[in-house]
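Each structure below appears as structure tokens.
In what follows, chain A forms one complex with chain B and a second complex with chain C.
Moving on to the complex of A and B:
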């Protein structure tokens, strides 16, 4: 069948090409009569009944292009003085109707341009004559041709044809008549058999119908008033009386797309009434509504809707109509009704950003809708819509959405995966908007909604590790948004979070608890600096808070000892900030010992051990909240741990750095400092024989001597000893000239430079050093 | 005219973001302010969530990053880099005893001829000089709790370096 079609089309096109060629040749020789004969033959191909609509369209376009040439020639003829009237008559001699009418229309179009007769007269005449073609396909196309040819020949307001040739009413009349006729033919194409094929064919040609509406919308004279009083009623009449599903749907669609949104806003009531009460039952009203609402939502972004809302309550209008659809029409699928509701919600959010009662009302109708369904109705598509429903308001309304009573009711229709999706979107909205969490009630609601992220319940589904990590980190960020002027309230809200976190498992707590711990540190800091009286409140005593923090870190310790160690270190500093009175001396000492234990037993990697012991020592050296004896024990323990590190140079430098624990802004125990130096030297000297590069340690020791020499009594002799050792061992260390050697060399050179400068400055102790 | 306006390369120095663990987010205004303006980025450590690294990369794709005490182990402890004729020593500083001490830092700088030390950990914005060496701490870009300083502020630091000057 298709092959035949191809052949028919090919044949027809060949004829057209051939006849067009002869036509052009005749025109070149100014033989009009012959040209008309050939054009007639060409146009005769459009009399065919063999082609499918789509193929007919292609043939039509080819003929159309050739007719342009003829049109051009007619114009020339006029300029040369030929009477259009005569031409108009002579083309009517063509034998067959179709060619005759095409020629007539072509001449007519040129005739109008001459202004010899009023435009409306010619147009009326043409419309009358083409009435005779009643075959659906051919009739449709000839009227399409008419429409195209009249494009700029209508007596529009402000056009050259206005006045004697007619006015805007005439122009509208012409197009409406054409649309009416075309629509009738289009409907007749449906026939009674082969329904789906016919429908497809009709849809292939829909643009020919749509062109009429576009033409109407392009008329200058169609103002809002004119549209409202003259154009829309006529389109309405065509739509309603046609009683054809495809026709109604398509024409309304075109109308909405072609005319400006302001026009629609002003005729909304009529439009909606028509859609809901006057159309055939199978017309997809939902799609029309969605189209309209999407356009108006976009319009609202750039325009102030208040201008329109004063006279007409758009929201109520839509709501009334949509509710009618939800309640009455059982034929519309659940999924489609949800699509509609989502569109409506989006529209309302954009046009009425402050009206939370509208949103709640839409949520309510959505709930009502869901209640009527069976469990099986909630397909993947429907669930996606419900998720959209729950997350669309978040961007504009953020946390206040959680106070809407209908919100939780919708969540229960979702399976775990989708609930999780909504929970994540809620967190993201809150975090991205930097929303401060300061309301206890809202916090409870929030925690309820993000429960899928907090606690592993029966319906839990596993997710990839990375996703899980991101999810938990998102939750952690929420904690830092908790803030209230009244610190007691702040604590109350924070405790809500912590209580919930405690119900989760360790994989979650690994992320949520550190965030909570730091929030507690910050709380303690704020109470201490802003309102110390609060420390007497039962929930906020230092004992309560310290114990809570300790218990939280203890939960993390078994699975993540390194993390726990770092948290304990921060804990020490937090206590230190608020306990100058050393009230918690023993407590703090226990924490310190705990840190040493974890270091000793749980930290295995030697590199990690090296940096960690330094962090420990640096932290200890800041503590003023521990009594002297306890401090000495802790510091000495840390020093011995340093001495037990894996590599010799690590041991030496570790012990060397321990000096700072014993001499700093708070501690001044020169004796211990010198003990450390002694130990470091012992370790270095015992191993430098095997490893000459340990001279590096000696350079460190030397620099450290210089550091302390300004504060405590360092024997000049000791310093000179070290210098001597360095000078002895240096050549051997630098012998192989590898990277390490190069570093040692630079280090030593800079040290030498340092000594030289200090010597020049006459600083005590440097006088006798000769390098 | 052009000579006067040429500030040389712009280096952004920042640190201690702690995204997620101690802060909820980096202010959007910062991103708009900093994007496409710098030629180098030095980060003193403690990024928190991976998002913060993404954020930094959007400012400038190459980050000179060092390890903070809460960062992963595969990031370097210290870094020595050269920009123009200036040599930088970059460290987070939690492992340098004592914290923020210029003399101790200059001992580390002696190992590689560094002129400028950049360090974090104290969450305090500070510029100092000792014996022709410079010391810079950008503080915490998110102003989180945790430093030794009482005031919680949110500073970032931008140094401008004229490439040919010593």
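Moving on to the complex of A and C:
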């Protein structure tokens, strides 16, 4: 069949090409009669019944191009004095309808251009004559040709053919008549056999019908008023009387696409009424509505709808019509209705962002719709739509949507995974909008909706680790959005989050609790600095909050000691900020000791240990909220932990850096600093024999000496001793020329440079250094 | 013997020149035997006049029993000359019996001669007008010369007369039901046949519809009557199959068709009728048709 098609097409194209060649040759020789004969032979190929619509179209286009040449020649002929009236008559002598009419249309189009006769007369004559083609395919194409040829020859308002040639009404009349006839032919194609093939073929041809609507919409004279009074009623008549599903859907679709939004806005009621009450039951009204709503929503975004809303209540019109469909029609599939609801919701959100009662009302309709369904009606697709339904309002309405009564009612139709999806969307909406969470009631709703993310329930389904992590981080971000002028309220909201988090297991708490802890830090900070009065309130005291934080960290500690350790360190800093009075000296000390013991007992990885001890020491060095004795204990413990690190150079640098715990803006104990130096040197010297690269440590020590020399008394002898050792060991250390050696070299060169500068400045301790 | 002499001596030649031939209108006929012929046209009260010339053509003297010119209107049955007959014949004596010794010219005229019938050249019959000049001789064969001309008869009485549409409802029970209408029943020769076809019931699969113009020549009468049908043109009116309720326009330009006026029982010898034949052809190539006679006239 398909092979045959190719052959048929090829054969026909060959003939067309051949005859077109002769036609042109005759035109070149100005032999019009011959040219007409050849063009007629060429056009006769369009009489075929063998081709599928697609292939016929290909053939048509080939012929079409050739006919443009002939048309051009006719124009020249006219200029040379040939009477178009005669030509118009003589082409009608052709025996066969198809070539005759193609020629007639072509001559007619030129005839109109001569202005010798009114455009409307010719157009009316053509449109009448074309009735001779009753074959659907050939009829559609000749009428399509008619449309193409009379495109710019209509007596449109402002066109050169207006006046004698008629007016806009005539132009509309011609096209409407053509549309009517084409629609009939198109419907006739349906036949009774091979339904699906026929439908496919019909759809292949729909553009030819749509061309009529395009013509209408391109008419200058079709103003809103004209559209309303003359065009739409005609189209409506055609649509309604056709009683054909494909045709109704397509023509309405075309009309919506072709005419401006403003027109639809002003004729919305008619349009909607037609769609809901006058179409065949199988017409996809949903798509039509969706299209219309999308158009109007886009229009609303670009225009001030207030100007329109006063006169035209679009929402109510849609709502009434959609509800009518929901309630009356059982033939429309549930999923399609849901689709429609989603679009309607989207539309309403865009056009009426402030009307939450509209949204709630749509939600209500949707609930009513869902109630009517059986459980197995909720297919994957439907569920997706419900998810959309629940999440769409979030972008514009954000959390206030959660207070709507119908919201949870819809949620219950979803299985776990979909609920989780909605939950995530809700979180994302809040986070992306940086929506401040300040309403206790809404928070409760929010927590209810995002429950699937918070607690493992019976219907829980595992998801990949990464997704889980992202999801939990999203939840964690919510906590940071909690804020309220009244700190007590803020605490209340925060506590409700924490309470819910505590019901989740440690996998989630690992993400949620740290966030909560930091939120509590923030709260403490705000209490301390902004609102001292609150302390009168028994419920919200530092003690309570401190204890709570401690207990939260303790929850994390068994599974994530490192995380707990870091949280403790931050906790120390948080306390330090608000407790200059050292009221919590003992409490703080306990935390500090706890840190040391976690470090000692629960951190195994030596690399982690090395970095962690530095963090610990740095944190300790900031503390002022603790009494001297306790501080000394903590600092000493930290120092001895440093000395116990795995590698010698780690031990030495660790101890060396411990110096800062003893001498900084808060602590000034030179004695302990020197002890650290001593200890570091001892560690270094004990191993430099085996490992010359420890010279690096010596350079560190030297630099540290330089630093402290500005604050405390350092023996020059000690410095020189270190320099001497460095100079002795350096060649050995640099021997390898590996990365480490390079680093040492760079460090040393920089140090030497430093010394030179300082020597020039004549500063203490440098005078005798020779490098 | 005398015949032999004639050959040697030559035969006198008769020549006939019509007056004003240069300016007279011509018309063309497709003659069955002679092909396309072009003839001068005489209408209404036209006279026909001219000059006859007798040329000696190397003969020294011509003895004759009289020279005369006749105007003859004749109906010829092409395949049966015996049935031919003259419906008119007029004669003028140009020269009484005598002897001619040199070339001589004679003027002649038939004033306002009767133009009863229109010239017609058909498949089986022709109606022709001609002038015949003849010189009878006792010795030697008769010398004669014929010159055809045409008589055309405009029919303003039809042109101006009342028109009635031709309407007909036809069909096949449960199968096809149409009515068709030609807006006029009388057409001039370059007229346009217009009309429409209403489809009320279409249960057959129509492939196309065409309109044919048939010329029907009827010769003889009673039992001897013979009819010749010629389809002059076939014209596709509709491509494809309409549904009920469709109205298809009819428009056929007769200018492209070889038309003559209708002729009705001319001199009891023949008639020429024009028939419009509306034909529907279905997908199985079955033909459904209906014929309607129209009357064709000559416009003034």
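Throughout what follows, the second predicted complex is superposed on the first by the 636 of 771 C-alpha atoms of A that agree within 3 Å, B and C clash if a C-alpha of one lies under 4 Å from a C-alpha of the other, contacts with A are read in each partner's own complex, and residues count from 1 in each chain.
The rule is simple: contacts are C-beta pairs under 8 Å (C-beta built on N, C-alpha and C of every residue); 3 or more make two chains touch, one makes a residue touch a chain.
No experiment lies behind these values; they were computed from the predicted model shown.
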Touching partner for A:510 - first (chain B), second (chain C), both, neither: neither
Touched partner set for A:617, first chain B, second chain C, both or neither: first
Partner chain(s) touched by A:129 [first = chain B, second = chain C, both, neither]: second
Touched partner set for A:95, first chain B, second chain C, both or neither: second
Which superposed partner A:177 touches (first chain B, second chain C, both, neither): neither
Partner chain(s) touched by A:138 [first = chain B, second = chain C, both, neither]: second
Contacts of A:743 with chain B and chain C, given as first, second, both or neither: first
Comparing the two partners chain B and chain C, which touches a greater set of residues in chain A: B
First, second, both or neither for A:657, with chain B first and chain C second: first
Contacts of A:566 with chain B and chain C, given as first, second, both or neither: first
Intersection of chain A interface sets (partners chain B, chain C): none
Contact set on chain B toward chain A in their complex: 18-25, 27, 48-51, 69-70, 73, 77, 94-99, 103-104, 107, 109-113, 131, 144-146, 148, 150
Chain C to chain A touching residues, read off their complex: 206, 208, 233-243, 246-249, 251, 253, 255-256
Touching residues on chain A, where the partner in the complex is chain B: 431-432, 434, 470, 473-474, 476-481, 511, 514-515, 518, 521-522, 525, 529, 566, 569-570, 573, 605, 607-608, 611, 614-615, 617-618, 621-622, 657-658, 660-661, 664, 700, 703-704, 707, 743, 746-747, 750-751, 754, 757
Chain A to chain C touching residues, read off their complex: 47, 89-90, 92-93, 95-98, 100, 128-129, 131-136, 138-139, 184, 188
